[in-house]
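Okay, so chain A shows up in both of these, paired with chain B first and chain C after.
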Partner chain A sequence: MERRKFDVAIIGAGGAGMRAALQLSSAGYKVAVLSKVFPTRSHTVAAQGGITAALGNVTEDNWLWHMYDTVKGSDYLGDQDAIEYMCRMGPQVVYEMEHFGLPFSRLENGKIYQRPFGGQSRNFGGDQAARTCAAADRTGHAMLHTLYQRNIQAKTHFFVEFLAIDLVRDAEGRALGVVALDMERGEPLLVEARATLLATGGAGRIFQASTNAFINTGDGLGMASRAGIPLEDMEFWQFHPTGVMGAGVLISEGVRGEGGYLVNGAGERFMERYAPHARDLAGRDVVARAIAIEIHEGRGCGSRKDHVLLKLDHIGKDEILDKLPGIREIALKFAHVDPLEAPIPVVPTAHYMMGGIPTHYRGQVVVPARTGPEEAVPGLYAIGECACVSVHGANRLGGNSLLDLLVFGQAAAEHIVEFLKENPTSPPIPREGPDLALARLARWERREGTERVADVYRDMQGIMQSHCGVFRRAEVLEEGIAKLEEARQRLDRAAIGDHSKVFNTARVEALELENLMEVAFATIRSAAARTESRGAHARDDYPERDDRNWLKHTLAHRDGTIDYKPVRLKPLTVSSFPPKTRTY
Partner chain B sequence: MRFSIYRFDPDADASPHMKDYELALEAGDMMLLDALILIKAQDDSLSLRKSCREGVCGSDAMNINGKNGLACITPLSSLKEPIELRPLPGLPVIRDLVVDMEPFFKQYRSIKPYLINNDPPPETERLQSPQERAELDGLYECILCACCTTSCPSFWWNPEKFVGPAGLLQAWRFIADTRDQATSERLDDLEDPYRLFRCHGIMNCVDACPKGLNPTEAIGKIKGMMVRRTV
Partner chain C sequence: MSAIRWRSRRGMLELDIVLARFLDRHEARLSEDETKAYLGLLEYPDAELWDIITGKGEPEAVEKALLELIRMN
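Presenting the complex of A and B:
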């Protein structure tokens, strides 16, 4: 097998991976970024509304208010040390992106444009804040391209269209690199590295209806899980209130930030009933549930009463064309309406994974071990959506994901620099190191099979959609687990028809489905175990939040067992925000 | 619905061929990519790139009934049957609808697509008025799908030497940015019989761009700037 050697291997070229890569390359380290797609195809590109940071360009602001909102938004499940760090670093990483060239929209005074987003307040729960920095409604695109451009300048080494298969570790568990599949040639590549950083993004493709790209298949979570690392808080999936009915394509919260609002079949602005103060800009979990209830109780729109409408024509043509041009494009193409004149039909749609690979706030992966629930895995890091640091807790606030990518991309890079200085060499790769990865590749060489990957893929998505959606209950979840077990057995019996070495996407999709299966199991098992409602995890049979028993993080192991660890309620320097009733 | 799709697997085929597929589709508003996914469920050996399925990532550019476009935002209802699909022209084919994009990206990288500003960064943002920022509209939105560059005859003939419409659009994006200080170096780099001046204003790029951008106009602005600086 071909081998390459670098100081750092980064898996994933989205916002988080490229922010970390930029820092490490600029510091003179040899950095390999492996990505299964060309960097600017990564899903960060689809982020629309913006990046939240307390710049105070539009309304008076303070990072501590941002912290309060984020803790509250997380339904108190977020770790307050990590949240403090993220919110405090916010302005710095945003200014830095501006210096890197990101074409932010501007205010009349020349400063970065900021818009109101859900769950944002001034002075700890007071008036609406305008905290989300935007490049029209293409902020993720602008950020991802800017980061790729700076990495060109920094001469980062990209391995484009290399699918990471599995981590390579030694007997002590230290990460020594990764085996990847060169998709163009069909050959495995062993990348040796003193530090390995997972930045593989989300896994929204476990659901049938998702705003996520096809590539969001939880590859890093699959790799971590197979390496014996439990997955944290996987029951918490954000359903975005406004996915285009049918197509699932995202319509930014920025639409409501700019003054748009939701109406039901009776033409009623129903969010006033659910969140009298914040209305359409309540937390996403709150708005998504409100829509689901309106539809469920027969107050939906259209002949099938199966959606609600997002009205924005009153914002005015000039404002829409200036601030929301991408939304108009999407509405025209995927909903066949021109939002300058007519409202957009929307439904809650799976969007973001709050859970992931457990890490502390400097990016190191932490697992339960002899020393306690959070012992660092030497040489292994995770950042961005694939990680659970946890800043989003049970519900992420809009605009906090792009911030998460930059802050923890930078923080992990800083910690890696320290780690590399302390570890000038790494132990040799044991002979059996790549075996796990090679076995995964060999499995799909099998030509006999009774099942097709595409069928199992579709059925898994159907199971997750109907058994682990916006509202959950015990019997439905248990039935889902049984069905998912069946699907997994079918996947064991599946074969692909394409055995070409060259750009074999059938093989790639089979390998991706294996990763999704790991994510789906961790999700539904964690959801069945948590007998309370918190943030995005809403149980019909346990409708209340239960801080006495459930103010703790879930850790789902691959063998089906579930552990828990405490929430870090103590921030780094400021006083804690203790749990209280969450209303908007 | 009938499809005729370019197939070539260098591992198995001596030469490329067109393969016919038929799908029984309900009348609806499916995109071409949706149909390709159904075809791939029948025949998993068909290779194509895809990701965001909403026209922002630039993965699924291909030649659709003779015109370059993105499969994910091309409605099936807009296409005549049989729908003929080929890889983007002018780039080496890796397999089926997958082309080697490297010659395209190499030209993109050649224009130094990053902001150059040698002043120490201020503590906060560099200021830019909304009017100055508006100069970047129609430029920064490029998704690097290569629909434009691979529809350009000048690029077909000189892929090594001509930057191509996508790269030139980005060159102008940085020249037009009030925060960038490298205008004269950027113009020097393009002052060459091939890099910029192979553009003959054929305007295939404008027609092909799935995002409605106008590389020809940007190229005209660069040329205009060069003329102005010599007089």
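Presenting the complex of A and C:
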């Protein structure tokens, strides 16, 4: 097998991976970034909203107010040391991006424009704050392009169209690099590195209805899980209330902001029953749950009663075209309806994974061990959506994910620099080091199989959607676990028809499905175990938050066992924000 | 399967869906020139490619007929 040697191997070239890479390359280290798609086509590009930081350009602001909002938004499951660090660092990382050339939208006085988002307050729950910086509606796109250009200048080495297969570790558990599949040649490559950083993004493709791009298959989570690292808080997935039925493409909250509203199969404006005041503008979790209940109780629309309708034709043609640009194209292309004349079929759609690979606030992966629940894994780091640091806890606030990428991209890079200085050489790779990865590749060379990967993929998504979506209760979840176990056994019996080497996408999709299966199991098992409702995890049979028993993080192991560890309620320098009832 | 399929995997779900539909319908019948033109379009950043497909932007040079086919998906 071909081998290449670097100081640091970074898996994933979204905002997080490229922010860390830039820092390390600029410091003179030899950095490899592996990405299965061209870097600027990473899913960060789809982040439209913006990046939240307490600059105080529009309304008076303070990073401590941002911290309070984030802790409260997390339904008190977020780690307050990490949240303090993120909110305190916010302005610095935004100004750095400005310095790197990110074209932020401006105020008339030349300062960075900031827009108000849900969940942002002044003075610990007071008036609305305007805290989110944006580059028009293309902040993620601008961020990726800026970081990519800077990385090229800093001589970061990109391995483009390389799919990471598995981590390479020694007997003590130290990370020594990664084996990847060069998709163009169909050959494995061993990237040796003194430190390895996972930045592979989300895994929303476990659900049938997902706003995530096809590439979001949780590759880093699969690799961590197979390496024996438990996944943290996987029951917490944010669902957007209005994804287009059957496609997943988002219909922005702006539609409801301009007067659009939801109706059920009887033509009833049902949000009036669930949120008499805010109605269709209630929080994402409230609206998503209301839709799920309407469908579950037989009040959905269409012949299968499996969606509700978002009505906006009453707003008027001119208003729609003027105030909601792009909505008509989306509805025409993906729902095949003209929203000027007919309502859009929508369902709650998986949007963001709050859980992930457990890390401390400087990005190093931590696992339960003899010394306690958070022993660092030498040489292994995770950042961005694939990591659970945990700043989003049970529910993420809009604008906090792009901030998370930058802050922890930088923090992990700083910690890696210290680690590299303390570890000028790395131990040799044991002969059996790449075996796990090579066995995975060899498994898909098998020609006999009774199942098709595409069928298992589709069925897994259906199982997760109906058994572990917005509407969760014990018997539904338990039945889902049994069905998912069957799906996993079918995957064991699957084979692919194409065994060619060059750009064999059938093989890539099979490897991706194995990663999604790891994520799906961790998600549904963690959801079945947590008998309370908190943030995005809503149990119909346990509707209340239960701080006495459940103010703790879930750790789902690959063998099906579940551990817990305490929430870090103590910030770094300020006083703790104790749990309170979350009302808006 | 081929590079053309893989490079149609994008950062935006909207593009994933439209490009996959286009390939499902037309990939087998694309001429060499059309394939080249299509790969050229894939070089555009996601946001610009989406503008081109929804008619808000025009590419510098591409076969009009091919673009119309993609836009129909």
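Following the convention adopted for this analysis, the second predicted complex is superposed on the first by the 486 of 584 C-alpha atoms of A that agree within 3 Å, B and C clash if a C-alpha of one lies under 4 Å from a C-alpha of the other, contacts with A are read in each partner's own complex, and residues count from 1 in each chain.
Note that a contact is a pair of C-beta atoms (placed from the backbone, for glycine too) under 8 Å apart; a residue touches a chain by one contact, two chains touch by 3 or more.
As the structure is a computational prediction, the values presented were derived from the model and not from experiment.
Once the complexes are laid over each other on chain A, chain B and chain C cannot both fit and instead clash. Contacts of A:Ser26 after superposition on the shared chain: neither chain B nor chain C is touched. Judged by the touch definition given at the top, the superposed model places A:His141 against both chain B and chain C.
Looking at the shared chain after the overlay, A:Thr505 reaches both chain B and chain C. When chain B and chain C are set side by side, the one touching more residues of chain A is B.
Contact with chain B, but none with chain C, is seen for A:Gln153 once the two complexes are overlaid on the shared chain.
Once chain A of one complex is fitted onto chain A of the other, the partner contacts of A:Asn423 are absent, as it touches neither chain B nor chain C. When the two complexes are overlaid on their common chain A, residue A:Gly101 makes contact with chain B while staying clear of chain C.
By the touch criterion defined above, A:Thr59 lies against neither chain B nor chain C after alignment on the C-alpha atoms of chain A. In the superposition on chain A, A:Gln465 makes contact with neither chain B nor chain C.
Clashing C-alpha atoms with chain C appear in a single stretch of chain B, chosen from 115-123, 187-195 or 205-213: 205-213.
Shared interface residues of chain A (contacting chain B in one complex, chain C in the other): 37-38, 40-43, 45-46, 138, 141, 145, 184, 213-215, 249, 326, 329-330, 333-334, 498, 500, 502-506.
The part of chain B that touches chain A in the complex is made up of residues 9-12, 29, 40-41, 43-45, 47-59, 73, 75, 94-96, 98, 101, 105, 109, 112-115, 117, 121, 123-130, 132-133, 136, 140-141, 143-144, 174, 177, 179-180. On chain A, the positions that touch chain B within their shared complex are 37-38, 40-43, 45-46, 55, 91, 95-96, 98-101, 103-112, 135, 138, 141-142, 145-146, 149-150, 152-153, 184, 213-215, 249-250, 326, 329-330, 333-334, 336, 452-454, 496-498, 500-506, 509. Contact residues on chain C toward chain A in their complex (touch as defined above): 1-3, 5-7, 9-14, 16-18, 20, 45-47, 54, 73. Put simply, chain A touches chain C in their complex at residues 37-38, 40-46, 138, 141, 144-145, 161, 183-184, 210-215, 247-249, 326, 329-330, 333-334, 498, 500, 502-506, 508.
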